[in-house]
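Look at the two complexes coming up: chain A is in both, with chain B in one and chain C in the other.
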Partner chain A sequence: MNRAQKNRLKDKVFKGLGITATFLGIVILAIFIGFILYQGMERISWEFVMSLPSRFAEQSGIYTAWMGTVWVLVCTTLISFPLGVGAGIYLEEYGKKNWWNTFLEINISNLAGVPSVIYGLLGLGVFVRMMKMGNSILAGSLTLSLLILPVIIVSTREALRAVPSTIKEASVAMGASKWQTIWHQILPASFGGILTGVILALSRAVGETAPLIVVGALVYVPFAPTSPLDEFTVLPVQIFNWVTRPQQEFVINAAAGIIVLLGITFVMNGIAVYLRNKWQSKMNW
Partner chain B sequence: MSRKLKEQIIEKVLAFCALVTILTTIGIVLILLVEAVGFFQEVSIVDFLTGTEWTPLFADKSYGILPLISGTLLTTFIAIAVALPIGLTIAVYLNEYAPRKLQKVVKPLLEVLAVVPTVVYGFFALMIVTPFLKIFIPDLSGFNALSPGIVMGIMIIPFVSSLSEDALDAVPDSLRQASYGMGSTKFQTAFRVLVPAASSGIVVSVILAISRAIGETMIVAIAAGQNPQFTFDPTVPIETITAYIVQVSSGDVPQGTIAYKTIFAAGITLFVLTFILNNISYWIKSRYQEKYE
Partner chain C sequence: MVKKIFALVLFGGLFFISCGSGGSSKQVKIDGSSTVYPISEAVAEEFRSVEPNIRVTVGSSGSGAGFKKFCRGETDLSDASRPISPDEQELCKENGIKYKELTVALDGISIVVNRKNDWIDNITPEQLKKIWGPDSEVNKWSDLNADWPDKDIHLYGPNTAHGTYDFFTEAIMGESGASRSDYNAVSDYNVAVQGISTDQYSMGYFGLAYYEENQNKLKLLGVDSGDGPVNPSLETVKSGTYKPLSRSLYVYVAQSASKRAEVQSLIDFYLNNAGKLAKAVGYVPLPESEYEKQLSTFESFASGSEQTQ
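Moving on, here comes the complex of A and B:
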């Protein structure tokens, strides 16, 4: 075999490797999910969804857990959506190129890299203890809001940047003020993109476990929360609780809980991808 | 209200939203520092950084962080050993070989790996990967560093692949064309021209992946055991910094005790580690990004 042939062979071998590598992770994940479905599907029932947790695995359900997840999701949305979008608008539309804004930007990219469990310690120190909120939904939601804020800010800025400057200029030329331009022109044009980013960030919040354990969500809650100041647990924490028990029956419960959690996560991501595609096709100015 | 005043108020409100991010950073640093200072008044910082025993929850207490650091480094190393070769291969393949159509299908599919909650990966590691590995390594303990390390590696594949692909994509086409013009194969072009040219971007992706692996919590909390040992043996139970924080938080440790303060001491160690890595990557990015522009 001469050198050219050898090189061509290497090329082919790598191509095969590339295809293998590309699908390796996806295939492994598919096997994992298949395993979960096989183990947990038998436990999925109306009863499982509507039962309170119990010492007996067969009677245990995820009612308090998913109610907690819904509460946390709603509160986190109410807090993080205005804050994140507001900060994104400020940085993209009002921020001038000076040291303060550079500092803000470096800080945000740094926050995005802080491990989630550290946000848990922040929540524990500030919300649970200093502000005396206890292990409440509010404390958990505030913690998660701060955690996903960088994600929302970055995606909001990207969506705002995608609006062509001609629209802005036309609006200003008509005599609109800065805020009128943003409110009536830029925000409606970029809303699909902003919403996509927010939903993706929230789907991350739904799956977060560690920061909520640290703020105290790993407690036995015998009732579903009725106010933001109630104690709570969420689906991923309930799953963690079951996984760490030695009995096989609880493992099956965990698998069933994971099916529900993955369902929620995938639906949220599906909605986000759908919105993004719809928005992108609309955005062909 | 005059229009000008209204505009000014709105700008102030928006500026406050941005300010929240600064307050978050200050809050993190202060909370960690205050509790850690309390901790270091009772435990010498030298013992903390050089001790090889970590037993704050036992009767006979020792506060050496090294076992937690060795556990963290071990799982991180395994994760990167999985994610780097696979992620880089994917990046080169998608950038250089794959047809456009395949790229469009595969990229979102890979992102699914990053979307799955980490507690779910923890379940996979404990219930599927560890039993599977036991077939080949009979001595493998039920809790170990190997299995969560591998699973973590699978989880961060999309980080490495998408960031590296962006870096490869940014290499000017003229370099690629020149290489083809010299008669190189795609393989030669990719590994002798594109990868070296995109090396700073690839290094950034690896550093961010390391930082992500160091901070990963649930996979190791579930599958690595809660047994801080100063060892680099991947087959025995260990504990990472993050897993320790979760262990203490999920148990009953009264506020204000030294055991309670340890999670903040562990937290500040973790924060400093990831902070340094993130800033190195930021520095490389801003320093080398404009090389081709």
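Moving on, here comes the complex of A and C:
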């Protein structure tokens, strides 16, 4: 075998490995989703979505859980969106290359790697106990906001960086101030990317259980929240509780809950993809 | 477009802040043992049909975590599958929390093995101590009895967060928390059920409800503490013949909370229905007279005529 044949063989082997790696992930995901659908589909109904939790598995529903999830999601968006995008704009457009900004940047990337349960403990100490918010939606949302802020900041910076520098220079050359340039040129051009990052970060927050359990999301909450200071439960916590019950029927409920949760994440990811495509096609220079 | 979205976010924020001032209805907070959780949940659910305006929330963070919150004054009632420990009593005292212990139901801890296990039917507390003790030298079934298979014994039990763990070690070893640590410590009992049902040489312990729901997958061992082997059941736990692994399940009430009308009405409902509901969710009810006694001690506690702990 000469060298060329050897290299071709290596190429084939590597291609095979790549295909196996790709399909392994997809097949496992498909088995998982198929199994969940098989187990939980029979429980999916309007009643299931609109019922309060109950000790009877057949009457039990996820109304308060998904209402809690929506509340937490909306509050988290309201908190993390302005903070994360603001920080991203500062670091990318205003921040100078000095030791202070380098220090901030390193810390933000470090924060992105901290396990979520640590954020939960932080939330419990600071928001729940020190600031006396109790086990409220507000405390949970603030905790989740901290958790996803690094992701939002990093993706905002990526999106801003993707704007061609010629646009920036042209705007400044026309006499626009820095803020005018950011507001009228850079933000509209990068908004698709920013939104995508925010939505992907939020869909991670939707599935988080550990920090919310630490902060004190309860299990049996027989009312939908009416204010950010109400106590709450979320879908993952409800699912976790059902899985640990001795009765098999609750496991079916858990599977049905997982289907709804998966649905929510898929829809959110879909919106992210849609927005990205829409903004990309709109921006033609 | 960007401006519109920013405006939307801003208005959304104002909207949320403006409706954030509501929600002053009566509320009772319960947290604690995941073992007692099903009873409290059932009570809270039934209570809703009597008093729809009282919001009862129930958490299941575990007996220990529940007491930590309770002794900080964060919850009104605390579920527990073991009595409050001296450390926790100290914490409550520091924060000036006075409380009353109420027994709401009984539970037995079942010792189970795989269904294919044909060499053991009963076990004594001494054998359990030998297997589960902190310096246990039992690694194979044959270490326990030379006639038994020369195979590794695989142990499943709750992890240290569970009141069941505290109770089992207390009852068998005589000291809470004294246990070997090289077993499969689970946080979810269904994992233990799964493990034991698929492993011929395994053994484990958990609350009776988990055995009853999985009778076709597991083999129950009788416990022989001198008077012949006894299987845990509704009758043997209630009569106290299943020992030493029968336990009480508790609800602790804070005195400050017990002054509130909604808490009083909830406790009243709890003790009047705990027997029926405990049975429905897989536990063993106390005799009827016992609930009445609890109720009268609670009433005198609530009115402040009795000083406790």
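Rule of thumb we're sticking to: the second predicted complex is superposed on the first by the 257 of 285 C-alpha atoms of A that agree within 3 Å, B and C clash if a C-alpha of one lies under 4 Å from a C-alpha of the other, contacts with A are read in each partner's own complex, and residues count from 1 in each chain.
Rule of thumb we're sticking to: a contact is a pair of C-beta atoms (placed from the backbone, for glycine too) under 8 Å apart; a residue touches a chain by one contact, two chains touch by 3 or more.
Since we're looking at a predicted model, the values are computed, not measured.
Because the two structures share chain A, they can be overlaid on it, and in that overlay chain B clashes with chain C.
More residues of chain A lie in contact with B than with the other chain of the pair chain B and chain C. In the superposition on chain A, no contact is made by A:193 with either chain B or chain C.
In the superposition on chain A, contact of A:140 is made with neither chain B nor chain C. Contacts of A:82 after superposition: both chain B and chain C are touched.
When the two structures are aligned on the shared chain, A:61 is found in touch with neither chain B nor chain C. Once chain A of one complex is fitted onto chain A of the other, the partner contacts of A:218 extend to both chain B and chain C. In the superposed model, A:236 makes contact with chain B only, not with chain C.
Legend: residue contacts after superposition of the two complexes on their common chain; A:246 is shown touching chain C, with no touch to chain B.
Across the options 184-192, 220-228 or 256-264, chain C meets chain B in a clash only at 184-192, per the superposition defined above. Once the two complexes are overlaid on chain A, the chain A residues touched by chain B in the first and by chain C in the second are 82, 213, 216, 218, 243-244, 251. On the chain A side of its complex with chain C, the touching residues are 52-55, 74-75, 77-78, 81-82, 134-135, 183, 187-188, 191, 213, 216, 218-223, 226-231, 241, 243-248, 251. For chain B in complex with chain A, the residues that touch the partner chain are 3, 6-7, 10-11, 13-18, 20-22, 24-25, 27-28, 31-32, 34-35, 85-86, 89-90, 92-94, 97-98, 106, 108-110, 112-113, 115-120, 122-124, 126-128, 154, 157-158, 185-188, 190, 208, 211-212, 214-218, 221-222, 242, 245-246, 249-250, 255, 263-264, 267, 270-271, 274-275, 277-279, 282.
On the chain A side of its complex with chain B, the touching residues are 7-8, 10-11, 14-15, 17-19, 21-22, 24-26, 28-29, 31-32, 35-36, 39, 82-87, 89-91, 94-95, 104, 106-111, 113-122, 124-126, 129, 146, 149-150, 153, 177-179, 203, 206-210, 213-214, 216, 218, 236, 239-240, 243-244, 251, 254-255, 258, 261-262, 265-266, 269, 273.
Residues 1-2, 5, 9, 12-13, 16, 19-23, 27, 29, 31, 34, 37-38, 40-42, 44-45, 48, 55-61, 69, 74, 187-190, 193, 207, 209-210, 212-214, 280-282 of chain C are the ones that touch chain A when the two sit in their complex.
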